[in-house]
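To keep things simple, chains are lettered A, B and C as they appear, and every chain counts its residues starting from 1.
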Amino acid sequence: MSDTIIDVQNISKTFKISKRVKGLGGMVANIFYPKYEYKKAVNDVSFNIKQGEMVGFIGPNGAGKSTTVKMLSGILHPDSGSISIAGYVPYRQRKEYVANIGVMFGQKSQISWDLCAMDSYEVIKHIYKIPDKKFKDNVERFVDLLDMKSFLYQPVRQLSLGQRMRADIAAALLHSPKIVFFDEPTIGIDVVGKEKIRGFIKTLNETDGITMIFTTHDMQDIEKTCQRLIIIDDGKKLYDGSLDSIKCNYVSSRIIEAEFEQLPEAIAIDNVTVSDVEKNKMKKLLSFDNTKVNINSLMSQLLNSYSIKDISVKEPEIDSIIRDIYEGKIIVGRKAEEG
Amino acid sequence: MLTYLQFSVIKFRNNMAYRFEYLMGILNTLLNFLVYWCIYKALYAGAAEVDGITFSMVATNFIISLGLTNAFSKNEMFLHDKIKQGTIANELLKPVNFRMRMMFEDMGDGFFKVVFNFLPAVIISLLFTQLQPPAGVLNLILCLISTVLGYLVLWNISFIIQTWSFWLFSVWGIVTVKNAVINILSGALLPLWFMPQPVLDFIKFTPFDSIFFTPVQLYLGQLNGADILFNFARQIIWIVILYFIGDIFWKRGLKKLVVQGG
Amino acid sequence: MKDILQLFCAYAKTGLKSRFQYKLDAIAAIFAVFFREASGIIVMYLALLKFDSINNWNINELLFLFSLIFITYGIFIVFFMALRDFSDWIKHGDFDRVMLRPRGLLTQLVLCGADWLAAFGHGTLGILLFILSANNVGITWNAVTITYYIITIAGGVLIQGAIFLFFSAVSFYFIETQSLKEILYWNVRKFAGYPISIYNKLIQSILIFVVPFAFVNYFPAQFFLRKEDMAAYPQWCMYITPLVGVVLYVLAYAFWRYSLRHYKSTGN
């Protein structure tokens, strides 16, 4: 059984933001009597992550995700609470701690624009004091897994976004960190590129047991790679558990899409909302709450009462579930905490 | 014509938004002026005049030439950036003459800076130094006209070099050298009254003394009658020559762009 | 120690490679910087053809004075370019990356950024001016003078480093300092090029106590030249440049550490 490698207890962080006053008069007043607002970016957040886990952090913009990650990586220190990662206190033992972590920012490359990726890797080798053999092995392995042979020696500015991101991911992993933070690792990349990156990340997690944390807006990233999801909004942790749990336990809405041979005059079934499908008069969407309506009986009722050409049950889309959670339409309770 | 003037106005208004930068510009002009003021005060070492030139004439020369240098400074990598980034194509699709637009925008910019950088710098400098007043109202007016002409000389030189971006990787080096050469030979750093004769003779064949020196001379009333006409004529002739040289490079460059693409 | 050297070489290698990708352009740019700085000197030379001397400093003595500024700047910019541009680093979040690496923060900043262009441009000019003037100003070059020259150059580098380190620390509090810093630094440096005795008391005080450029070139030059205008200042000023460099750097470093703690607790 793996041990807890990340232990976060009740961390909070408040920022002092200067209030911008409008107008010239306001600007002058602001210099002499600056007004401040206090924003609690992170509010009493706690969680544990075990070695080798893949966890997704999601939340709307400004939710406190990046502040949390900054505290985990040692860049900021929390106002209260404690963080212990791999036996270190990140913000107190920065130099020793960061040798064990890798960070990849999807939007901010760490490799030189003018030179080829390999040149940047050589510099990273010296920064992290990576032994020659390990460096060589890692480079070979990543080049192979990420399919970088064709562009490893090309100037980075000539690479496509997908190629550059792959080079960046390799850069973050060169020193064989125990924990890796990914911030928007697939942003802006085409479908094929995304698959390659997700595949690589999963492989590395499985073979090397690297603990991985994602902050992302791309739900597919989470669905395809992470077992566990932590939702943060307004500085608070809203949910900590698996994706499937959310779908099963929290979202009871289902939709049946039915295509009719003959359009009935009216469809009236208790607790079922009927709506039209754009561009197709013969299709209707039937929305219902599956705690109130038994799906089997609804299906038989439809098939018996109407001439149906095609019928399918749609699962709630993860994106809309998450949106609903953000908007407070679905409240996720503490009972969902696992792990 | 009205359309082009509108570009000047827009640039003028945009500049109001970047107040801090422009305040820094005034400070920059002042500090530049101050260095040379101190140097020449020490060089004069109390003498009333050297070669017939008084210290306040020298101070006036510097405030005008350094102030205008700052007021006329602009982004000379403008064309270079547009060409390298490929956005030049968008500009050429618009139904306005790109070069004219550039010129009027820069003029709006320059005018703004003259009013809001140069003039405040002059006024502040009056707090600690004596400047020569204009030799007369007519002289002042002639000086202003000459300043506009001088600006056009500067602008066209800059434009020519910017067009070389069509062929070169970067024009930054050439622009920097050009500016250093102009600073020396236009009298901005060393009043042309003190320039050794051989260098002066050389300058007479270049457009450089048509930039700041002519306006300074007019301001101080050093030119009379025929000389005034002669100097205006030189400025205008240089503008025309430089304009046509710029035109040739511009058209050739465009042709190269169209043939080679992006 | 060896490891620091290795890291510096790794950065230098990529920095040079990057800059010299287009060799012709790099050389043209170096020449441009050289010529731009030299223009002030050319103009001074031409002026002195007419005026003979300034406060009794002749052209050779002035060239010697100038050379100290350029040589120290050329060396300084090899190590302190990142500090020169530090507020841009903060603004673009580049400093976060520095904090994620298992090396000292200041160590990284000092080793990683060299403006090779400026280093070669200013440095070459400085060396040229030194060669032109060193034997025409009455200096006997012996073990003492040579040693002092070297440590005073080091002191001059430290003084300028301290100034930039201080401003970088200020960036932790106010991000938008870039244009103010540039104006102040470059203009003050222009003033420092000339013997400070030509200025009034206010400007002199600024150059001695606020932005101590006087200790980078004027006082060290006086150690070698002993011009009459030195009588206006305490004589020991001529000897203490290396000390001033170390003290200022230590103070700036302390302020940097303090400001870093502030940054870590407030973010940006």
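Quick note on the criterion: a residue touches a chain if its C-beta (ideal position, glycine included) is under 8 Å from a C-beta of that chain, and two chains touch if they have at least 3 such contacts.
These numbers come from a predicted model, not from an experiment.
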### Task
Show which chains lie in contact with chain A and also with chain C.
none
### Summary
Taking the mean of all protein C-alpha atoms as the centre, the chain whose own C-alpha mean lies closest is C
### Task
Averaged over CA atoms, how far is the centre of chain A from the centre of chain C? Could you give it in whole Å?
47
### Message
Centroid of chain A to centroid of chain B, CA atoms only: how many Å?
### Response
55
## Note on the structure
Between chain B and chain C, the Cα-mean centres are separated in Å by 30
### Summary
chain C partner, complex, touching residues on chain A are 15-16, 67, 70, 73-77, 91, 94-96, 98-99, 101, 103, 108, 110, 112, 114-115, 119-120, 122-123, 125-129
### Complex contacts: residues of chain C adjacent to chain A
3, 6-7, 10-11, 13-14, 17-18, 21, 93-94, 96-97, 99-104, 108, 264-267
### Query
How about chain B: which of its residues touch chain C in the complex?
20-21, 24, 27-28, 31-32, 34-35, 38-39, 41-43, 45, 50-51, 168-170, 172-174, 176-177, 179-181, 183-184, 189-190, 194-196, 199
### Summary
Listed in rising order, the residues of chain C that touch chain B in the complex are 22, 24-25, 28-29, 31-33, 35-36, 38-40, 42-43, 46-47, 49-51, 54-55, 176, 179-180, 183, 187, 190-191, 194, 198-200, 203
